[in-house]
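Labels run A, B, C and D following the written order; every chain starts at residue 1.
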Amino acid sequence: SQTIGFSQIGSESGWRAAETTLTKQEAEKRGIDLKFSDAQQKQENQIKALRSFIAQGVDAILVAPVVATGWDAVLKEAKEAEIPVVLLDRMVDSDKDLYLTAVGSDLVHEGSVAGKWLVDTVAGKDCAVVELQGTTGSSPAIDRKKGFEQAIAGAANIKIIRSQTGDFTRAKGKEVMESFLKAENGGKNICALYAHNDDMAVGAIQAIKEAGLKPGTDILVVSIDAVPDIFQAMAAGEANATVELTPNMAGPAFDALKAYMDNGTVPPKFIQTESKLYTQKDDPAKEYEARKGLGY
Amino acid sequence: MNPRLLPLAVTVLIFVVAYAVCYAQFPAMLSTRVIGNLLTDNAFLGIAAVGMTFVIISGGIDLSVGSVIAFTGVFITVMLRDTSLHPLAVFAILLGLTTLFGAAMGMIIHVLRMPPFIVTLAGMFLARGLAYILSVDSVPITHPFYEWLQSLYWLLPGKGRLTLIGGLMLLVFAFGILLAHRTRFGANVFALGGGVQTARLMGVPVARTTVAIYALSGFLAGLSGIVFSLYTSAGYSLAAVGVELDAIAAVVIGGTLLTGGSGFVAGTLIGVLIMGLIQTYIIFDGTLSSWWTKIVIGALLLVFIMLQKGLLSLADRRRSLRASGNT
Amino acid sequence: MNGTLARFGRRIAPQLVTLAVVVAMIGIVFPGFFDISIANGRLYGSPIDILNRGAPVALLAIGMTLVIATGGIDLSVGAVMAICGAIAATLIVDGYSLPATLALSLGAGLLCGLWNGLLVAVLGIQPIVATLILMVAGRGIAQLVTEGMIRTFSHHGFASLGSGNLLWLPTPVVIWVCAGILATLVVRRTALGMLIEAVGINRRASMLAGVNARLLIVTVYMVSGLCAAMAGLIVTADIRGADANNAGLFLELDAILAVVVGGTSLLGGHFSLIASLIGAMIIQAINTGILVAGFPPEFNLVIKACIVLAILVLQSPALQGAAMLFSRTKGQP
Amino acid sequence: MTNNPTLLAAVGLSKTFPGTRALDGVDFDLRAGEVHALLGENGAGKSTLIKCLTGAYRRDGGDILLEGASIDPRDTQEAQRLGIGTVYQEVNLLPNLTVADNLLLGRQPRRLGLVSRRETNRIAREMLSRYGLTIDVARSLDSYSVAIQQIVAIARAVSLSGKVLILDEPTASLDRDEVRMLFDVVRSLRAQGLGIVFISHFLDQVFDISDRITVLRNGRLVGVRDAATLDRTQLINMMLGRELSEETRDRGRGGFDYAQRARIAYVGTGRAGVIAPFDLSIHRGEVVGMAGLLGSGRTETAELMFAAAPRDGGSVNKDGKPLKLASPRDAIAAGFGFSPEDRKTSGIIGDMSVRENIVLALQARQGWMRPVRLSRQREMADDYIRRLDIRTPDAEKPIGQLSGGNQQKALLARWLATNPEFLILDEPTRGIDVGAHAEIIRMIENLCESGMSLLVISSELDELVTYSHRVVVVRDRVHVAELIGEEITTDSIVAAIAKPSPAPETSA
C-alpha cells in the first residue's frame, strides 16, 4: 500500500477538524497508509514535517499550507527526492513546477460571492456593513476581505463602517460585535454583518440578540465556510447566507495522485472546489443534518 | 568529574538514550538526512535559545524573541521589496535595530527596576504589532543573493545536508559557549543570576551587563529571524508565534535553572535537539491526532524533566555516600 | 484600624488612578462610552461591557495572584479553561443536570491545579516549566474531550451563567465580584495571606518556622485551577459552546499582566487581590477601548503595548521612589 | 604610628532611611598602617557607615576623603578601583559561582582574550592557602559552610585592598584558629602600610588587634580612643552609654539527675556522609552546649534533630514515648524550636515586618484557620521588641532593614513566642553586641530555669562554659566527647576538640 504524508495546519476550527476527519476517511477508503502531522498553526512545524516525510521516503505528500509564502526550499527538496506534493485548500506562491497540483477554493472568490449576495439582497438601499475579520495577517482574512471589497466596490450604497479582527473565534466574534453595537448607536446604524467565518458569525448573532435586535432581520448576517451551526442559525432565521468551503479536499487530491502515479496523468495545476452559496431558501435544516456527523 | 557538570552529562545521556529508542523503532531516524534536518529545522530556535540561555542564567526571561523573529522577516522583505539595498546591508541595519530593541528592554528592566517578564511581554506585543504595521501580508523574498545563500550546503553521505543555517547555529553555539564560560562578561552574567544586590556589592557592572545581556538576546533573535527568513524565504507577521516558549523549554531541558545563576549553553543545544527529536518522532509515527500530539509533547517534556531530576538526585546520593565511605 | 484602611487606600491608589485615566482616554476617543441604560432588566453600556468581558481575566487574576505570591506562576490557566469548558459542554449535552455538570467541571479544574501543585511543590519542578507542560498538553486534553469540534449546547440554565443577568448586572460580573470578595475574606480574615507571603519571600525560612509550604503551594495552584475552571465555564456559557482550541488562548498572559499591573511582584511576597482585580479591569478597559475606538486591527498590539508600557513605567518602583523623594524634598522647610 | 598620615576620612557623614537616622554627622578617620576598630551597639550605624564609605549606599551629606582628595564612590566597583577592599556583614558572595570565580570576579586572568580556568584556579588556591584552606576551588561556593564562605570573602577583600581593608564582623562565624590566621594576615597588611577598619562585637579580639577605636551610638560619634589607653569597662560604657551589670551567678551546675528519664532522647540519629549516628538526650531545664571546629557537623546535628534535614533511621523519644519526627512541623508540634545559623537564607523573611516575623512560628503552629488577632500580634511584637531591646522604629519595619544583630534578636523572639519545651539555638549570639549578648545569656539561663531545655551551638567557648550544664564536642562529623558539670572549662573543650583522631587529620 501507499504511504502518504499529510501535514495539516492544526485543529484551530471545526472546519479544519472536519477536513482532517474527511482526509483520514478518504485515505482509509483507498487503503492508503496516511502519516498525519499536526503543525499547531506553525509554518516551521509544517516544513519540519515535510522534511521528515522526505527523510522517511513517503510516496506522496499532502500539505495544507498555513501561509502562501516560504515553501520554495522544501518543495525543491521534495522534487529532488521525486515525491509529488499536493496542496490542500490554500495556495502557495512558489513556482508551479514544484508541486503536482492544488485542490482548494479561491478565497478571494469566496469573499466576492458573499459580497455579491449582499449587493443583490439590499438592492440599492443604503447599507452600512460591519466586518469581522479573521486572524490579522492570515491569508483567508486578507483574501476574503479583498474579495468582499471587490464585490461591493461597484455599489455606492454599501459601505464598510467598522472592521475589526475576531480571530476566527466565537468568543472574540461576540465580544467585537458587542463593541460594534455599542459604537453604532446600539446597532441601529448597522444594516449587515460580514464575518470571515461562520464561527464568528455565530458568536456575533448572540451578541445581536442580547442587544435586543433580531439577527437576520434587523441586521443581515453573511459569512463563509458553511459549518453545521450556521445552518442551524439559518433555520432559525438568524443568519442569512453562507458560502461553502468544502472540507473534502483530500478526495480529489487522492484521485489526482492515483491517476498520476498509475499512468502518469498530469492533473491541472488547480483543482477548484465549488464556492456554493447557501441561503435560508436552501433548506438549512436538511443541510445541518447532512453535515452534523462529519467532525465539524 | 566536577559535580557542576553533572546536569549537562545527564542531559547528554538522556538524549543519546532517547535517540537510541527512536532508532530502534524507526531505523530511518539515524540517517544523515534526519540529522541534517535536526540541525537545519531547529537552527532558528537554537540561535534564539542561545540568547535565551544568557538571559535565563542572569535570572531574567525574554518573551519577545518570537515576535522579534516575525518582525525581522517582515522588515527584511519590506526593505528588499521597497529599497534597492543589498541583503547584507539590510541584515546589518536589522541586527542593529533588534540589538537596540533588546538593549532598550534591558535599560527599562535595569533603570526602572521592572520585572523582565513584563517588560519583554510588552516588547513581544510591540515587535509583533510593528510587524503587522509593516505588512499584514506574507511576502516572499526573491533575491538572487537569498537563493545563493540557500543553495549553500554540504552534502553528507546518505543525502543528508548540513545547510548554511545549520552550520551557523553550531557556530553561534560555539561562540555562546566561549562567551558564557570563558569570558569575564560570562562570569558577570552568572553573577547577576546569583543575586543582583550581591553582584553589585562585588563590583559587577550591573547596568552594563544587564543591558548587554538583553542586547545580545535581541541580536541573536534578529539573527534567528534572518535564519528564519532564509529557511522560509518569506516574511510573515504571524510567523514564529510561541518560539519563546520553545526556547525556554529547550534551555530548561538543557539543564539551566530558570531561577538563574546556573546553566550551560552547550546544554541548550542538547535541549533544542531533544525538542526536535520529539517532533521528528511524532511525525515519523504519523498516527497521532491533533490533540494527542499536544498531549504526547507535554508528556514527553515531563518525562525528560523527571528523568533529569531523578538521575541528578541519584547521582547526588551516590556522591554523598561515597564521601561518607572515605571518612 | 484606620491606619490599615489608609494603608490599603495607598496600596490601590495607583491602580485606581490608572483605571480612571484609561477610562477617561476611551471617553475621549469614543464619546458614547459613558452612556449606561437599562434594557432587558439589566444595565447596558460600555462600562458594563468592560466589567462583563473582564470576568475571565479577573477570575484568573485571583488565582494567579495567589500563585505569584508564593513565588510561582501558572501558565496553564488558559488550557485549564478550555478543559473545563469542554467537560462542561460535553456533560450538559450528554444530559447531566446543571449542578452535576458544574461540580464535575470545577472538580476538573481543581484536579488540574492539584497536578500543577504536585509538580511544583513535591517534585520541585520550576513553576514556569511545570505549568508549561499542562499548558501544552491541556489544550490537547480539551480537544480530546470535544474531539476537535466546537461542542454546542442549548441548556438555558447553563447559558445564563455567561449571558444571564443577576441584580441588574451580567451574571459573570456578579460571579467575579463575589469570588473576589470571598477570596479576599478567606485570605485576609485567616492567616492564609500572611503564610502565603512568607512562603513566597523565603520558602526555606518559612518551612523552618513550621509553615506547611508544600500544602500551601499545592492549595494555591488548586485555587488557580478552580478560578480557571470558573472562567472556562463563563466563556463556554457565553458562546453556548466549548471551543477547545480558542477558549482562554493567551489569557494567561493577560492574567499575569493584570497581577503585575496590580502591583504584586513576580518574585513573590506581598500581594493584593483587590489591586489585581482592578488590574484586570485596566487590561480589559484597554482591550475594549481599542475595539470601540475603531482603529484598524493591525494597530491593536502596538497600542496595547504602548499603553501597558506606559502604565508599568509610571508604576515602576524606581519612579515611585523618585516621586516619593520629590514630595519629601518639597515638604521640607 | 599615630603620626601616620590620614588615609581615609569621613567628615560629617549623614544617612537617613525612612524612619531612621542611621548616621548623623559622623566623623571618622583611618590612618595608614593602623587597625581601627569601629564599635557600637547593634544598629549603631557601623555597617551603614562603611556602606556609605564604599559606595554601596549613597550618603545624604558629608565628605569622604582618600589621601586628602575628595572622593565620591558611586558604586562598590569604584571603591574597589580606588583600592578599598570590603567584607560586608552578611556574607556577600555569589553562592552559585565557583570559589575561584568569587575570589577573582572581574579580574580573572585571560589568555588570548579568554579567561584561563586553570590560571584562575591556581591563583585562587594560592589566595586561600594563606588562611590554611585547601579546598576544591572549582566547586560552587554553596557547597561550603558559612565559615568557609566567610574566609573566601575575606581573601577576596584582602586581595582587592590596595590601600584600605574594611572588615565588617569578619570573625562572627570563625573559630579560634581561623581568627588567629586572619589576624596574622591583618598584621602583615598593617605592616605594609594599609589602613584596616575592623568591626566586631568580640571585645577581646578588638583589644588584641586594634590600634585605635571609634565608637558610634545611635548614628552619632561618641569618641575616638587609643586602644592602649582604654579598658574594657570604659569601652562598654562608651558603647552602651550606661554600665553593664555583669552578674556572674553560680548556675547550680549539675543538680541534674541524669539517671532520671530524659525529656528528649535521640538514639542512633545520623545520616550517611553528613554525621555519624549519635545518641543524645536532653533533660528538663538543661542547657546542652555544642562545640567543635568549622564544618565539624554541629549545624548538621541540629538540623537532623529538628528534622530540617532527612536522617537515616534512628529513633526519637519524648518523655519516654516514641515521637514521629519527619518534618520541622512535627518538631514544632512536639514543642521544639530552632533558630538557624544562616539567618539571611534560613531565618528571616526579609520583606515582612518585624511583627510578622515574630508571630510566624506561632501562627504556623496554630494553623491558618486560627489567625492571631492583629492587636495581639502588635502586643506580642512590642513586648519582645522591648524585652530584647530590638532597635527598630516600630514593629512594622521590614525585618530585612534591621541591623544584623537586631535581626538575630527578632528571630529569637519568634521562637520564644511559641513557648517551646526544647529550643535549639545555632550561633544565637553571632553578631550581637555586648549589651545584648549579656542579655541573651541571661535569658538562656532564665529559660532553662523556667524548665525549657536548650541546645546551644556556639563557637565562643567562654560563652558555652558560662551557661552549659553539659557540652557535646563534635569532631569530623562524629560526636566525640561529652563534658558534664565541673568538667566544663575552656581548656577541656579545646583539648577535646584538638585530640588527634585515629584517622590521619585532614589539612583544613
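Rule of thumb we're sticking to: contacts are C-beta pairs under 8 Å (C-beta built on N, C-alpha and C of every residue); 3 or more make two chains touch, one makes a residue touch a chain.
The shown structure was predicted, so the numbers you read here are calculated from the model rather than taken from an experiment.
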{"item": "Which of A-B and A-C has more C-beta pairs touching across its chains", "value": "A-B"}
{"item": "Centre distance in Å when subunit A and subunit D are each reduced to the mean of their C-alpha atoms", "value": "71"}
{"item": "Separation of subunit B from subunit C, taking each centre as the mean of its C-alpha atoms, in whole Å", "value": "30"}
{"item": "Residues within subunit A bordering two or more other chains", "value": "10-11, 17, 20, 136"}
{"item": "Shared-contact residues (touching 2 or more other chains) in subunit C", "value": "143, 148, 297-298, 300"}
{"item": "Chains touching one another, given as label pairs in label order", "value": "A-B, A-C, B-C, B-D, C-D"}
{"item": "Complex contacts: residues of subunit C adjacent to subunit B", "value": "73, 119, 123-126, 128-129, 132-134, 136-144, 148, 244, 253, 256-257, 260, 265-267, 297-306, 308-309, 312-313, 316-319"}
{"item": "Complex contact set, residues of subunit B against subunit D", "value": "2-4, 178, 182-184, 186-188, 190-191, 193-195, 198-205, 261-262, 320-324, 327"}
{"item": "Residue ranges of subunit D in contact with subunit C within the complex", "value": "306, 308, 328-329, 331-332, 338, 340, 345-352, 356, 360-361, 363-372, 374, 414"}
{"item": "Residues of subunit C that touch subunit D when the two form their complex", "value": "4, 189-192, 194-195, 197-198, 201-202, 204-212, 269-270"}
{"item": "Subunit A residues touching subunit B - in the complex, by the definition given at the top", "value": "5, 8, 10-11, 17, 20, 34-38, 40-45, 47-49, 51-57, 67-73, 93, 135-139, 142"}
